[in-house]
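The first chain written gets the first letter, and so on, giving A, B and C; residue counts start at 1 in each chain.
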Amino acid sequence: MMRTTMYKKTPYFFILPAYVVFLVFMFGPMIFSLIVSFFNWTGIKSPEFNGLDNLKGIATDSVFWLSVRNTLLYSAVSLFVVVPLSLLLALALDSPHLRGRLVVRAIYFAPIVTSTVAISQTFMMLFNTNFGLINRMLGVPIDWLGSRTLALVPVIVVIIWRWLGLTSIYFLAGLQGIDRELYDAAKVDGATTMQRFFSVTLPQLRPITFFVSMIILIGSMQIFDEPQILTGGGPSNATRSVVQYLYLRGFTQFRFGYASAIGLVLFIAIASFSAVQMRLRKESDL
Amino acid sequence: MRKLSRLSAGAWVMNIVVWVGGAFMLLPFIWMVSSSFKTTEEIFQPATFLPKSLDGGNYARLFSSWPFSRWIINSLIVALFTTLLALMITSLAGYAFAKFRFKGRGKLFAVLLSSTMIPFPILVVPLFVITSRLGMTNSLISLMLPFIAPPIGIFLMNQYASYVPNALLDSAKIDGAGDLRIFFQIALPIMVPALASLGIITFINSWNNFLWPLIAIRQELSMTLPIGMANMLTGVSAGSAPPYGPAMAASTLVCIPTVAIFLAVQKYYIQGLTAGAVKQ
Amino acid sequence: MKKCLSVLLVLVVGASLLMAGGAKEESITPKKGETVTIKMWTHDDLYRQFFQKRIDMMNENNPDYQIALDAQIMPNTITSLITASVAGEEMPDLIGVEQGWFPTLMEDSNVESFLVDLTDKIGDRYDDYVQGRWALYTHEGKIYGLESALTASVYYYQPAIFEKYGVAIPTTWEEYIAAGKELAEHGVKIGVMDNDASGIFSLMFLQRGGQFFDQDGNLVLGEGKNREAAIKVLDMLREALDAKALQVVLGNEFWGSTIPTAFSTGKVAGMVAPDWYNTSVLQPGVESMAGDWSVAPMPVWEDGSGFRTSVWGGTGFAITKSSKIKDIVWDVLDDAYMSLDGQLDRYKTIGFYPTMYEALDSPAITEEEHPFFGGQKIGAVFADVALETPPLWQSPARPFLLQAMVDNLPLFIEGKLSSSELVDTLVEITERDAQL
């Protein structure tokens, strides 16, 4: 069991560094950010209290809502494309019939550790109107990055490319955690491969699916690197994410109050998603 | 080959789909490396898969036209020290939570865990203000500090520390060893897999980090690789054609270490990622 | 725990409210044989090269003391300056200010506490330089920076294309549209339309005599003749777009390969652009087309409104208030940017056309034959119109207008916004955002 010590102070010394960092670089800033949300502050002169003006501004800021739409779109793609695809990929990677499994795994997992900047720059070239490989293969000069509707495509492609492996790692771990006896029992009952998938695999993967969905959702709501490099948020904000908008207001226009208020909205959104997740977990007893 | 013939039709389809998909996944890497050897004129021509020659001109230009070696050194320093500090801090805390009973333990741990919900982007404005008030802008230290006590790492360490047998700790105690010595000599060696997992993840995350350095670093010589690279294409002289070739050379060089580390020690990386998922 | 948090809170908020103290007025006079170091911040290495060259020359002729240059390259010198001042870090002596960043300093008149007012130092010599270039660094009537380039605009074109289809080189915008329609029938575009905030719309607008802001920094785009000018320009661009006479490039692709590729394949005949476009994009982009290009003055308006050229971009150099060697820095700046020799040397070293009338009239500029333009003396074209380089008045609200333009010009290009709707949108967004 738990170990008691004669030196009662020791555990506090052990956790002290973590808490100092935590307080100064996470919790403190969070409170700070909350407070600044109610100020008008350009960073040079003293902040001026302006109550709910920032939040009211956000409520009627069409660019903000456009960035929300884009971000939700990125989230939706991640949830409804990346998650199912990665489940299928994990099944394949787990299958004894897959040839060259180690190589395949390396290929699909490597994107996880690749620099977002490097890969976004590469995709920027792949999608280039004039000399990009994509247009070369399609045979038509499509202006991917310059069109308001099409510019979302390259961003989404990078998201799928980068996250597919990550989510399949989780699914793979989940698959490997399933008790083999469950399959054997199903086999004895005469279940086909398909039936076994639906009656054993899917239900057993429910907790992990849930977990993966939350990670993906929360991660995609904070997306920044990919659209920042690929399109800079343009054209006409068509690809700008919420975090990109926060960055624009905060660090190119020096509106710290307004940027913090955007952060506050983002935090509330993410925290409520997380809370809903915890609630659902408890209820379904996952 | 002999084995392939025994595959069922379904398995055939699966193999084909997975491998074709894999080819698509590889495509950007191939493109990146191939473009890094192309001259500017070659890049601006309709796409070809392979460069005309393996000319290292872009790589040479990378080091002569930009302070690329400085960026490498900066990135290395930041990633290494972030990793070392993170390992120290989280293993101490994780161990304390697992092996000591003290007042407020449960609450303190809960607060830490709940902080995983704080999205990093909302911290950038205050972090920028704090680091600049502390006179740490443009310093590599400001790039490390926010990441040296990852709550998820404390959680991981806590899990592993709880595997350390109490009997071992007690016998060391009886031999008169102090808490710190017990931690370093007995607990830490047992926690090595967790340290390896967290270390690799932290190093790679730090190496690739973009948003925070973009804000914290404003001088070319203090930049880390991702910022320097992004700056090559988007910033500096508005008005000159983007140096795609050198940018691809930079991308290639940036990806090599992380992909190599990952391939070498995949197991630890994956364990670190999934430790939270499966157990939770 | 609670106590701990509240203490921290007070600390953090308190620390943040501590404002940077005013810079102390100190000054160092170098002794004989000493070396003084000028710390310089710039976003482009070109400027370092040029200043280094001038300083080396000054050192040779200075028996008293020597000057060393310590240059830092950074993406945005002004945000760095503000950050450094807030953090109490070392500041530069000499700083390059891209004209688009100057407004950041105008807010709350911060420029007064950051940069040295150069108005008196410039003195009577004000009239010797292209008037429009002072406006970029002027705040409340005081000048804080010296401009590096003329940035006057001309029409770069491929004469062979015009010859082939029997189309005359347009001298007015009306002719330009007509020629554009004619060329469009052959699948060739006469020029380029972009969504850069300082791009073709801004160029044509300023040329027609429009101003986004007045001399006091108030937004006047939506008023009277400015609104009319903007709509007139936009209507003309609309007509050209509808006739498919312009190649559209959005976002970063303006600097990318789209335009050079379109030039070299003969799909685009030319482009209205400033002087620097020649040296930094056109020539490097279409190296193989040397000799196939010509320069004509920017088309004018048939009704005689406005100027014969326009401006796009620029970088000014300024001295910081915190510098302890202001006089020495001024000597360097004076030599490099205000002397005839400096202005000509700047053109020779980094390719920017002079802003000084005397330099512009020098044979080194007007008589130089450019092989890329088939031996044409293109300097004469610039010198000819330089007197009419329009000003661009600055405002703290300008960054918001620039962002609004980048964001909304694509909507205009697509036809989602009419000319008047675009102007109204720009005004509305700028007014709104500037107040945040």
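The rule we apply is simple: a contact is a pair of C-beta atoms (placed from the backbone, for glycine too) under 8 Å apart; a residue touches a chain by one contact, two chains touch by 3 or more.
On a predicted model such as this, the values are computed, not experimentally measured, just so you know.
Distances between chain centres, each the mean of the C-alpha atoms, put C farthest from chain B.
When chain pairs are compared by contacting C-beta pairs, A-B ranks highest.
Distance from the chain A centre to the chain B centre is 16 Å, each centre being the mean of its Cα atoms.
Remark: chain B and chain C have CA centroids separated by 39 Å (rounded to whole angstrom). Residue positions of chain A touching 2 or more other chains: 24, 27-29, 32, 43, 130-131, 232, 251. Looking at chain B, one finds that residues 43-44, 126, 129-130, 233-234 touch two or more other chains.
Counting partners per residue, chain C has 12, 16, 79, 86, 252, 256-257, 261 as the residues that reach two or more other chains. Residue ranges of chain A in contact with chain C, taken from their complex: 23-24, 27-29, 31-32, 35, 40, 42-47, 54, 57, 63, 128-131, 143, 145-148, 231-232, 234-237, 248-249, 251-255, 257-258. Of all the residues in chain C, the ones that touch chain A in their complex are 4-5, 8-9, 12-13, 16-17, 19-20, 79, 82, 85-86, 104, 107-108, 110, 195, 248-253, 256-258, 261, 399-400, 403, 406-408, 410-411, 414, 433, 436.
Chain C meets chain B in the complex at residues 1, 12, 15-16, 18, 43-46, 72-76, 79-80, 83-84, 86-89, 98, 252, 255-257, 260-261, 276-277, 280-281, 284-285, 313.
Contacts from chain B toward chain A in the complex involve residues 3-4, 7-8, 11, 14-15, 17-19, 21-22, 25-29, 31-32, 35, 43-47, 49, 88-90, 92-93, 95-97, 99-102, 105, 108, 112, 115, 117-130, 145-146, 148-149, 151, 154, 166, 169-170, 179, 183, 204, 207-208, 210-211, 214-215, 225-226, 229-230, 233-234, 244, 247-248, 250-252, 254-255, 258-259, 261-263, 266, 269-270, 273-274, 277-278, 280. Chain B contributes residues 43-44, 104, 107, 126, 129-138, 218-221, 231, 233-242 to its touches with chain C in the complex.
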